[in-house]
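Heads up, the next two complexes both have chain A, just with different partners, chain B and then chain C.
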Partner chain A sequence: MIEILSRAALASVQDLGRFDAFRWGVGLSGAMDPLALTCGNILLGNEDGAAAVEMQVFPFSVRFEADTLFALTGADCAAMLDGVPLLPWSRAQAKAGAVLRLDHARDGRWRGARAYLCVAGGIDVPEVLGSRSTQLRGAIGGFDGRMLREGDRLPLGRAAGESRGTEIALVPPGLALPLEADGLPAVRVLPAAEYGRFTPASLDAFWREPFRITPQSDRYGFRLAGPGLEPVAPMELRSHGIVPGVIQVPHNGQPIVQMCEGQPSGGYPKVGTVIEADLWRLGQMPIGTRFRFLATDWDGALAALDERQAWLAEVRRLADLLSARSAAR
Partner chain B sequence: MSAPRPTVSHLGTTALLFEAPGETSLDQQQRIWSLARLAETWPEVREAVPGVNNLLVSFRTVPRRFEPLADRLCEAWDSASALSLGGRVIELPVVYGGEGGPHMADVIAHTGLDVEEIVAIHSAPVYPVFALGSHPGYCYLGGMDPRIATPRRQVPVVKIPGGAVSIGGAQTGVSASDGPSGWNTIGSTRMRFFDASRDPPALLQPGDSIAFTVAEIRR
Partner chain C sequence: MTSPLDQIPRLAALLAETGIDTLELAGPEGRVFLARNGAPAAPAHAPAEAAAGEPQGSAPGAVTVASPGIGAFRRAHPLHAQPLADEGTAVVAGQVLALLQVGALLQPVRAPSSGILAAVRREDGALTGHGDPLFDISP
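Let's look at the complex of A and B:
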């Protein structure tokens, strides 16, 4: 078990998401930074999608009730284990009773908004409709379908067995796979159905000017402030399925990007979709961040997925290599 | 002149959106259900989820080339026949207006009708469930009278309660749990639409129907 020591911390249990339940009106949910969650699990020899704790408000502390191998990824929060500093994107061994404390995310060359605590064996809450992710709408999955509270005790799954004792750390993908435009962080967008139905001038501004993530942004969606998107003529669409990453444009012209916990359907016009390979970048941008949209096409979006897969394969290779070495010692 | 073609568009690399040409109708929607059944048998398809006159197809494996899959969907649409799913009719008593219907005034302003007329028009039909979506257990209903159609709100409301009966464009529906919405809420009802421990977890499925009855009209 691990015990949550922080009050009202907006942390939740997440995995890679709830697939195959769109038919019931149930969205994907899952980690806002699936790459960080996957890397944490790789460091521990877990399945890629083992459930972890996603933290987004700091400081945040937990106590390990038993000896536990764990990994921290995502935002660099100057983590301390019983007062001893830990490297970001690393794994470490906690003794029974040890307290892990994460502080406010540090400004560095790469600043994230969400940190992930992965444990050997994963967080062992029951699977609901094929996933352990928390979905607040409908109170599905996770720990009682809600955000974690002080005093919650999370059960841990059985660890894979092999010893992975050595501390090892990864170069965060924010540094290994940077993407910028004019000095601002960027995400790539594949145009969607209504793209051609906005005025050329407003589309031009969409690609050229930065957007800011407003405080009305959360796991459901990021409401952006920037140049307004103007339709050539008013549009009322019929409701249709959408996925995380879809950029909807309500009548006021300010785009909203669907995030993990966003609805599985919508009816506002869609200018494009932040590609799956880049959604983690957006998921890690703190409120107030100014960023840019970059145009891509189908082949570009596939190449980005391939690049991400190749990077993960390399991480897996290194983690296995170092673990084998430490086991041999 | 050739028949209008369906459109197939990108939703990133996670899914595609197939949109049928023409007006929304039950017959058209039954062809969507039929297309969904077929597409779900294709190996690269994870889910094929009907919307209103459209279909979201999510990928199990992302196709290296997009066009062949899009073409296959369009061909399948041309030969799809209406799939009738004989379902149940659920009666839902609604309290119209008042605190539970905060946007009734907007619907009155937009349509030029009075409350009694809006309620009479809204509660008259038996609405077939065209699709599920938005949030767990939520049903998109067909058959709303176009006289009470009202555009979605300029900016979505951050939270409307479960049981809220609302109008968005030419559609109507009932929220299954608390959450954000861009629709105009005109009334409220009590019904548990979703329970993850049930199988199936959703109370209603495409092919079932809802009949609204008037419990009360509040001003």
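Let's look at the complex of A and C:
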């Protein structure tokens, strides 16, 4: 078990999401940074999608009730285990009773907004519709279908048993797979169904000008501030299926990007979709971040996903190699 | 404690699955050199060149911190500009002094004892082998 010691809000149990439930109108949920969650699980020898704790408000602390191998990824929060500093994106062994404390996210060459606590064996909450992620809209999954509170005790799954003694850390993917445009972080976008129904001048500004993530942004969606998108003619659409990453344009012309907790249907016109391979970049951008949209196409989106998978495969290979080496000692 | 020699059959088996034809392992107890396919022979068991706690051309009483693995020597975490430990500052036993980088992986180098980080014996970014002297810590 691990016990939540913080009153800090907005932490939840997440995995890679609830993929097969769209047909029942149940959205994806899952980690805002699936790459960080996967990396933490690789460090521990878990399944890639083992459930973890996503934290987004700091300081945050937990107590380990038993000896636990864990990994911390995502935002660099100057984490301490019983007062001893931990490396960012590393795995460590906690003794029974040890307290892990994360401070506010630090500035660095890459800055994240969300941190992930993965444990050997994963957080063992029941699967609901094929996933352990917390779905806030429907109050299902995760820990009682809600955000975590002080005093909650989370059950841990059985660890794989294999010794993974050597201490290792990872170069954060924000550095290993950087994406910038004109000095600002960027995400790649595929044009969506109503793309051609906005004025060329406003589309030109959409690609050229930066957007800022406003405080009205959370796991459900990011409301952006930037150049407005103007429809050639007013659009009224019927509700249709949407997925995380879809960039909707409400009447005020300021885009909304649907994020993990986004609803599975909507009626606003869509100018584009942030590609799956880049959603983690957006998911880690703190409120106030200025970033750019970069145009891509279907092949570009698939190539980006391949690049991400290749990087993960290399991380997995090296982590297994070093772990096997320490086990052989 | 088991002898590293006990691991040779396992290492040979692992080696056979790869394209690698020589393997050298150096540690505090000695060095093991495995070769196949007629690769040149080398001393099978020689004393290790460097190990933690063994001063080597350094100030008397200083402890040499030996590399615990292989990789590029990194004084700072890639996220930060500031070195993990500055020359001339006090360090405590167990503190991370540097990192060894292999691809996306970072392995910490920890201080074996408390003291003053008297000397940095390796260039930032230099390729480092097991047992290479990295720092001197004076008591």
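As a working rule, the second predicted complex is superposed on the first by the 328 of 329 C-alpha atoms of A that agree within 3 Å, B and C clash if a C-alpha of one lies under 4 Å from a C-alpha of the other, contacts with A are read in each partner's own complex, and residues count from 1 in each chain.
Going forward, a contact is a pair of C-beta atoms (placed from the backbone, for glycine too) under 8 Å apart; a residue touches a chain by one contact, two chains touch by 3 or more.
Quick caveat, the model's predicted, so the values are computed rather than measured.
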| request: Specify the outcome, clash or fit, for chain B and chain C once both structures are aligned onto chain A. | output: fit
| task | Check whether A:Trp110 is in contact with chain B, with chain C, with both or with neither, and answer first, second, both or neither. | result | second
| Which of the two partners, first being chain B and second being chain C, lies in contact with A:Pro286: first, second, both, or neither? | neither
| said: Here's one for you: vertex at chain A, rays to chain B and chain C, all C-alpha centres; what's the angle to the nearest 10 degrees? | reply: 160
| field | First (chain B), second (chain C), both or neither touched by A:Arg137 | value | first
| task | Please tell me which partner, chain B or chain C, touches more residues of chain A. | result | B
| query | With the two structures laid over each other on chain A, which partner does A:Phe19 touch: chain B (first), chain C (second), both, or neither? | reply | first
| message | If we overlay the two complexes on their shared chain A, which of chain B and chain C does A:Gly228 touch? Say first, second, both or neither. | response | neither
| Could you state the shortest Cα distance, in Å, between chain B and chain C after the structures are superposed? | 26
| request: Residue by residue on chain A, keep only those touching chain B in one complex and chain C in the other, then list them. | output: none
| Complex contact set, residues of chain B against chain A | 7, 9-15, 17, 19, 24, 46-47, 49, 51-56, 58, 62, 64, 66, 131-138, 140, 151-156, 158, 168-171, 176-180, 182, 194, 196, 200-202
| note | Touching chain B in the complex, chain A uses residues 19-20, 22-27, 128-129, 135, 137-141, 190-193, 216, 220, 236-246, 250-252, 256, 263-268, 270, 273-277, 298, 301-302, 305
| request: Can you check the complex and tell me which residues of chain A touch chain C? | output: 76, 84-85, 87-88, 90, 106, 108-110, 166-172, 175-176, 311, 314-315, 318-319, 322, 328
| message | Going by the contact rule set out above, which residues of chain C touch chain A in the complex? | response | 7, 10-11, 77-81, 94, 96, 99, 101-108
